[in-house]
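Chain lettering (A, B, C and D) follows the sequence in which the chains are written, and residue indices restart at 1 in each chain.
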Amino acid sequence: MTGNIVAEISVVPIGTGGTGLSQYIAACIDILDGRKDLSYQLTPMGTIIEGPIDKIIEVARQMHEVPFNQGILRVVTTLKIDERRDELLTMSGKVESVMNKRQSAMGKQR
Amino acid sequence: MTGNIVAEISVVPIGTGGTGLSQYIAACIDILDGRKDLSYQLTPMGTIIEGPIDKIIEVARQMHEVPFNQGILRVVTTLKIDERRDELLTMSGKVESVMNKRQSAMGKQR
Amino acid sequence: MTGNIVAEISVVPIGTGGTGLSQYIAACIDILDGRKDLSYQLTPMGTIIEGPIDKIIEVARQMHEVPFNQGILRVVTTLKIDERRDELLTMSGKVESVMNKRQSAMGKQR
Amino acid sequence: MTGNIVAEISVVPIGTGGTGLSQYIAACIDILDGRKDLSYQLTPMGTIIEGPIDKIIEVARQMHEVPFNQGILRVVTTLKIDERRDELLTMSGKVESVMNKRQSAMGKQR
């Protein structure tokens, strides 16, 4: 059984002339915004997506295409997938789990 | 001139027996919590840090050590550094820059 | 037009009990060995693949599945894709291009 | 006790104007070439280094600086460290271990 997974994608256009990349990333985010089957969270270092693995691979493929459509001739895309089959991974659950461990550890210190 | 940079770190203990990793990540975060010279943000896929590059490398080295201190015998750590020297990169600035590009693009569509 | 690309894949099983991962990686390589449409190169830090992007995504999906088939309950897979559309990227070409730059730079020093 | 580790580094200059990156990578390799305390292997997707962790972090820091010295204003560097403390990791040992698992598995099939 495979349910939702959590993944991170980073799309880096090469040979842009300028140092700013936000216009390319903004266009990548547009692809995610149109999907109701996926949740996402934009971070300072990439985009985190939650959903079925095959849907995530599908949008990663589309996001990789975005800078080419904007005239860029080389793109380096990194997709990191974290899948767990003994229990469901969610974006919020992963962060809460770490915070809970921290609070319980602090509780012990008192 | 080099000022603050933005980096992402992921520490993965290998051979944990169980699937949960949050206890190790919680202990990694403790290292960041004690520092006044660095800002950080815990995401579902790693930890993003803002500060001087040498301080970030220093804490990355310490975070890599954490699972070994908890008895783990193999650790895979990934540190991704994004440094820009024509203007200052910040965690909030990077996300805002993308959001601004999205709003201005939407503005044009109307 | 999109031809062959070069990608790197790393499949990390979590919660293995032991520190050795080579049995899982060996089984991942079996998937690549059966394909005539892809070239690959095993490195100490991952597997590099050359071929059409959609074929590479297809085998990455299969390689991610391998540790689950061996009883592992959590897998972190990273796929990094480098695609260039102004000229063809190949595994050997990328390395040769760096070596050529080094030789010509050394030539200038004399 | 910590001995040699194996790491992978990738240095990506942003805003290069052109799509080719080999001139920057060639200059990064020069840094490794001068060191007798580290072994390295150039792959189509990065550079793999074997040696003491602190020496590797030191050269990673220097390699990240290279494109800035060549006039680039933004650099994204990724350093992935694989450290094992129950036995020594080497570049050749890691690949051989996978190949041995493959041969023994093939032996069983006969």
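Methods note: a contact is a pair of C-beta atoms (placed from the backbone, for glycine too) under 8 Å apart; a residue touches a chain by one contact, two chains touch by 3 or more.
Everything numeric in this text was worked out from a predicted model, so none of it was measured.
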Interface with more contacting C-beta pairs, comparing B-C to A-C: A-C
Geometric centre distance via CA averages, chain B-chain A, whole Å: 14
Centre-of-Cα separation between chain C and chain B, whole angstrom: 25
Distance between chain centroids, defined by C-alpha means - chain A, chain C (Å): 21
Chain A residues counted as touching two or more neighbouring chains: 14, 19, 73-74, 76, 80, 82, 84, 86
Graph class of chain-chain contacts, one of line, ring, star, complete, other: complete
Chain D residues touching chain A - in the complex, by the definition given at the top: 12, 14-19, 21, 73-74, 76
Complex contact set, residues of chain A against chain C: 14, 53-54, 57, 61, 64, 68, 73-86
Parts of chain A lying in touch with chain B, wherever the complex brings them together: 6-8, 19-20, 22-23, 25-27, 29-30, 41-46, 48, 50, 80, 82, 84, 86-87, 90-92, 94-95, 97-102, 105
